[in-house]
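You will see two complexes here that share chain A, one where it goes with chain B and one where it goes with chain C.
Moving on to the complex of A and B:
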């Protein structure tokens, strides 16, 4: 499929040239990059050109079909005597595709253009049902807006309009109203250019043309929610938000998506204490303007009716609601008895502020180092696999940098599920920047969005043979001498041994020629490696990371090895020192405390009197679920901070209702180390407390210094954690700050 | 002036489809001459001939050919537009059916002159029999060494020819939509200059691409044979050579007629046996997309690009339709509008919505529901489509309506006022019986 890229035009967002040209728009002279769309040039001088189909991030090959942006164009023409005169182009031109050229003169308000726009809007409205009063898009609809400003006041159409059944369910999340569709092709282009599932397409032709999927199959994209926002009319609608509110009744709060570690910028639209929908917020560095379906539709938990609203204490096997006073008394009493023999697990879904206070309570007030936010299989020394060698934990590249790579090696990752927004970047790199993708996975799922669709080489290996595959790749690189002479290959050479492609093929089940092809691509730099869950959960995680490290060093791509986290604040919890062997800012702690697994073992054998679990679904998700269950059963006092009564919470002795992402202020740190602000939108119940408040109240009762607000805590973080120096709510702004390791700290 | 069988010179020779017969009648002489010339000299020859594209727009072929870059390492594609869908036009059908080698020869000459890598003949899906003939011709040309590697001993002159059958869309005859369709995409037009480079710079698969009509390639083969200067002696000052007209309608002998450019329109009607079933009422000289000409204007029109344009119509693709005075122009336009509504690809707003609106209004008028003001509304809709649509299909849908209203306004008004036809029943040419079913899949 990789050759399909060839037939497309690049998106119009990036100006194709550094050369500047002078154009005149409505009499205003302006200097713009040569070849820029006139629509973008007009924006520079504040001239509004209406449009429907144009979108700066979608390829322009399919654009210019709504014809709304027609403008009059005059081009300079040389006369035989050397002078220049302006010649009007015979037809009006679409500003969304017209490249700016030296001396071009644009008129957007001439009598003819005004008439043309009226004509186009009249055409668009003849088949539009105009059922605005019951349309979700009403009030934020480009068709409404453009009609008000540019449209004809009445229609001359007296024939019958086009009719279709209303509300055709396109997917689990999207309904489609074909009568309202204006055929702008934004959704089909999105499916083609951005998400890559290419399921949406036009069927039939002419006035019968309609958007649909092949043979009425379900639209299975993992990014389907974006088409709702892209649709310039109310044709594509959210099934969860439909008929729930009018847009002007909604309040909006800026926030960060809490469903994975990519840190998408989103807007929470809510009414009273109901979170009604999640829309994307533009951040060029992170999500551009996309969201995945998990982020867009996966925040229903916030306003779920079964949210915990008061602390629950287990008495004789039954939960009874108690007051916060009583709950805190119980906690303090238990902690006093236990002394420093307490364990804390979790924090990956809490804010940096929550985590900072969490570890401070344990280390400074209780005197315990038994605290760990990691729930995965690898719980060894934090600094070892990556930091001691390359000077970073997690990701070496910025998400936005990935699109500048020539080769991307996705290793052991269902990227679209694990890192949806990174997936979109990888696809963008392939689609619009000419990158090649090597994909190594254990299996390829059919019928879903995936890297395998556009990867140049797919290495589908048997589970457990990752090392053999890697060494075979290295073997090809070394033995075919694909690297320049001065490359530092000695570390790699020692490991390779006799893992020839043929031997690896027998071991891994990958064809030998595929291994050779992949190896040839890997030396084509700059190359970045994206490592997924199959590696991070691998028993030989450390050894694999070492070989991968050797590979990036040998190919001269030092720092391009990326091991992104999985939860929304995995990175932040680690930065804040919710780890047994390092404190805030990765300062080593001696002696180290117990990691998650050892804590669970200790609890299972009855040696840990108090276990505090913060937003971690141990029973559900821990790889040794049996151990987790035994630990919770045998630990005398288990405290769980949770939003809902999960299975883990059900086994606790005390459950504390915690605030969700929409109910608290704070910061998250995304997998690329971008610290981003979340804003409080509403309160669901006065008895729900943010985690930091719970910890600080307990700390205060035990004699620690209390904090009064997340702002207060962030100030302390900035003073304590070197990488967070200078970060404050004010300095974060809307786009957040991506921190770098201080030089020489490694 | 008058009938001048140049491309059709050997049309009626028995078995001319066979390469041996074709060669005996001077076939592939043009190609043999061409490969002895410099590549640029071949293009120069086409320029000298003054040949203009025969697909409808009349763009100078020589200029198009010289637009292909000479010194690049991209593959070059030569495409023949044989998606002849213009109502009233059937000249390419006969050329491919009877003279497939002429087309093949013309394409090989283009392949030589423009360093072509491969040629594609995009044949309309319904043209099964012509496609069989072209298929046979290509096979014979391969066997004779006119196609394949090192053609005619010229080192490095490799050229392959493929047939691609369309899937039944008028729109795919538009060159950019044809390219989309050829590449496996939806048959919709692509951006054109100045929004995107010319196809000669960036066409199919982002490579330089030449697209010409069947008749143009055939003419190119003849020009190389007889010499550009000789060809340029035919025709008028700016319209050189000959043009094939597919004469249909109320004439005694509807058929393809090849005439010299500049032949008076009336002379062609005479050649086709004159008008039957009544007096001449109107002529559409270039396919359904062009404006209709009233009988009293016909004597002034000569069949060349300039004269047609001066008289408010176009030469187009040569679909020459003759109507006698029993024809109802409003019903004719309703049928025309129905065609464009059906064939609009749906990509752009004016064409998608406008063509249907036009049809619905005409349908209402001819069903007795016409209202005062409908004609003005039609004119206004047409002005909103013409020049505003993505490709030429919108223009082609608007022109005939505007032309008909201009020429026969009184008939529209009559329909609206009296709710019936001004010419009485029997107003449209009866649909001819299909004597030769197109889908005989036996190789001809």
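Moving on to the complex of A and C:
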């Protein structure tokens, strides 16, 4: 269990209200919400107030410890004769803590303010080493920028500065240079407010003060990379990017993180075909401005030295490089021989365009419905558990909606690992909006942040007893009559039987009173359920989803059952119809083809002459690894599209070098059905092809119509898939579009 | 003051220190009593650290900080931040008697530095050091708010007044004879102040009688 429990933050004492007030900033009159920070009001009229410590997303955003945002303030005062005059506050005020009020007049460029800022900067620079030439932050550093525009030209400080070791390895990914720190407290507040690790704090005081961890232990966080971007100086730096480039030498391309299904908006910074760092892009609907460490540091595969750069053909058990012409000839020859008896697996990590052409090649050119993107244990009809009942696949809620829930039920998910950005939303709902969280997991890890740290009730059950736990929760809800009379509880009532908390306690190992407490929270709506891998990989997946469905119906939370996918385009691959039983847009296919498992079984028994695997690590990750291995051994011709020579690729007969997320255009669809654009940044090698191009070339050689670009494919998708109607590269913009099911479809 | 605990030196993060549970049953009861005075347990951090300083033998080990954090539901880093902020919490072992000589204006005029130098000579240590036998630690401190009786030397929860270079060796001898472990006694006295039944508070006024009897509080 967690050793500490951060408290919820009460709403700010002076929240901006709906009432508007008029303030005057540098002579410009503007109407702003009553109580808004003047620093934000100034942004509205384009007046620049410099700051370091203020950050709108951190509570105590009003830290006011850098003192950089000083402004002169005048307030109207009534005279005895009824007239009004402006009275100046005797000292300059920090704009980041100054709530806007009616008639307030702000001066940001008065003689006193200009002089004070110079003084503040001179103080901040006293202990700053000014080693900008070797600082990664040089060129994009708020301290540099503010010094240029507001600072004194020289320093009067001639004494010895503070000295610390230069690159203290704070965490796996972050190095810390204490000499450069200006004590703004952004990183410590991030650790408290956002990620919840609370491992960073100010130690000592006065001139000795420094940021540190407890007893010099490592800073362990799944979100540690964010402090690098938050740091307004070069004190917190990336270990992977350190000394790799100067910021002005980098090219930047907008993209989407490829490491999980949440669809974080990121920027790829690259130079000379090397992806050097990944920074967050603001998208209020998805990641706000955060990234997880997996996304921020987990894209090293893009520029890895062992990337495949040419097609490889296996001859006598050894891979030999061959030309694309030869590779395509081989594929076409094998496909011609096999006819429609070919199988395709994968696509969860490819773009929508790749997937659309993938299934089109199989269905329309080869005439095979044996195509499946799913690698999980549940491979039944895709519409069965959720769509037939509630009319959606995957997530019913938008990620941003989760923060408005009163209760969040995280069931069978190690959320911080499986869905890091959803985890941050859940935590935000708890910390800033007062939601309560019920957490049901099989085990709780020590050390880093997790839902268990802030959950109101933790139900730690024995693996395999999910159903008993769920039914006991329902039992309490029904038998204690926690729901209003008109709630539709009949479906649930049929199921619960005699699963009393006491009986479930014996079965699951959860204390009966915890089950009762959890049940009392679940009826406190709006409530949303987040389901994780323990459920999606459960042998009784469908039955569990049925009960969860009954639960959301009974508690009046239809549409709040969420089963987010796992990979960056799990959702898109399904939308594009890379499924045996439905085509693009979930149109039923008759007869359905074989699913992944049956394809592997057929291949293992030598009945599938050609198997095409697209970016799927079957041998590594498939739940029946032995079957996957036998399938690859016994299938006469296995084609694998991969970035690197994975274990699965090693067992193939032909390996095709595929383009990574940074090397192609296209769209991903995140777990909340948000279609977002990825942009091509660079080419690593001319012989690496995006998957769609491989498929379209094969299709053309077999007599199909070729596509010319991802834009071309997306145009076809928009015309074919009803949910994607109207979507184009242009209409997606930077924030993407979350598609809705056409009305009446459910 | 040069500190080395977290300062320059070690370059790699260290493994987490082992946890301990050294709070006695009585200490736990005291902590719960104090925590019940506040709306949040976190608010009892300072007295809890005093309890820890007493229970862990006069100084706060990393394990002591962890135990306080665990008992109050705070993060380790936050408690360490508090413990390193205030100078009266010891992060290293002190001698059995911590001699804190006031060298502020009045005491300095009255010969405080002669006292300091005499102590350094007699004990064979410099200011900030601890004798080999672990009996004495010597510090210079700022004004102890007792100027009328300069020079003042604080040892644990007691003030010794009118100390001079001539009589300070008697004080040393007196302390050597005593069986108290004064950092622990000081911690205990401060903990007691937070508990009901204590009529005194830290900044209370003192009678002339108390001053003459060298009684703090």
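Keep this in mind: the second predicted complex is superposed on the first by the 724 of 746 C-alpha atoms of A that agree within 3 Å, B and C clash if a C-alpha of one lies under 4 Å from a C-alpha of the other, contacts with A are read in each partner's own complex, and residues count from 1 in each chain.
Everything below uses one rule, namely that a residue touches a chain if its C-beta (ideal position, glycine included) is under 8 Å from a C-beta of that chain, and two chains touch if they have at least 3 such contacts.
Keep in mind that this is a model prediction, so the values were computed, not measured.
Participant: Once both complexes are superposed via chain A, do chain B and chain C end up clashing or fitting?
Facilitator: Clash - chain B and chain C, as placed by superposing on chain A, overlap.
Participant: Does chain B (first) or chain C (second) touch A:70, or do both, or does neither?
Facilitator: It touches chain B, and chain C stays clear.
Participant: Just chain B (first), just chain C (second), both, or neither: which does A:120 touch?
Facilitator: First partner only.
Participant: Touching A:204, do we find chain B (first), chain C (second), both, or neither?
Facilitator: Touch partners of A:204: chain B and chain C.
Participant: Who wins on chain A residues touched, chain B or chain C?
Facilitator: After superposition, B is the partner touching more of chain A.
Participant: Would you sort A:159 into first (chain B), second (chain C), both or neither based on which partner it touches?
Facilitator: First partner only.
Participant: Once the structures are superposed on A, label A:168 by its partner contacts, choosing first (chain B), second (chain C), both or neither.
Facilitator: second
Participant: Where does A:215 make contact in the superposed view: on chain B (first), on chain C (second), on both, or on neither?
Facilitator: In the superposition, A:215 contacts chain C only.
Participant: Can you tell which stretch of chain B collides with chain C among 20-28, 416-424 or 434-442?
Facilitator: The overlap with chain C comes from chain B residues 434-442.
Participant: Overlap of the chain B and chain C footprints on chain A, residue-wise?
Facilitator: Comparing the two interfaces on chain A, one with chain B and one with chain C, the shared residues are 6-7, 201-202, 204-205, 208.
Participant: What residues on chain B touch chain A, complex-wise?
Facilitator: 169, 171, 183, 185-186, 190-191, 194-196, 205-206, 341-350, 352-357, 360-361, 364, 377, 383-384, 387-390
Participant: Give every residue of chain C touching chain A within the complex, in rising order.
Facilitator: Touch residues, chain C against chain A: 1, 3, 6-8, 10-17, 40, 42, 62, 65-66, 69-70, 73-81, 84-85.
Participant: Mind listing the chain A positions that touch chain C in their complex?
Facilitator: Answer in residue numbers: 3-7, 163-165, 168-170, 198-205, 208, 210, 212-219.
Participant: If we count contacts the way the header does, which residues on chain A are in touch with chain B in the complex?
Facilitator: Those residues of chain A that touch chain B are 6-7, 9, 60-61, 64-68, 70, 90-94, 97-99, 101, 116, 119-120, 122-124, 126-127, 156-157, 159-160, 182-183, 185, 201-202, 204-209.
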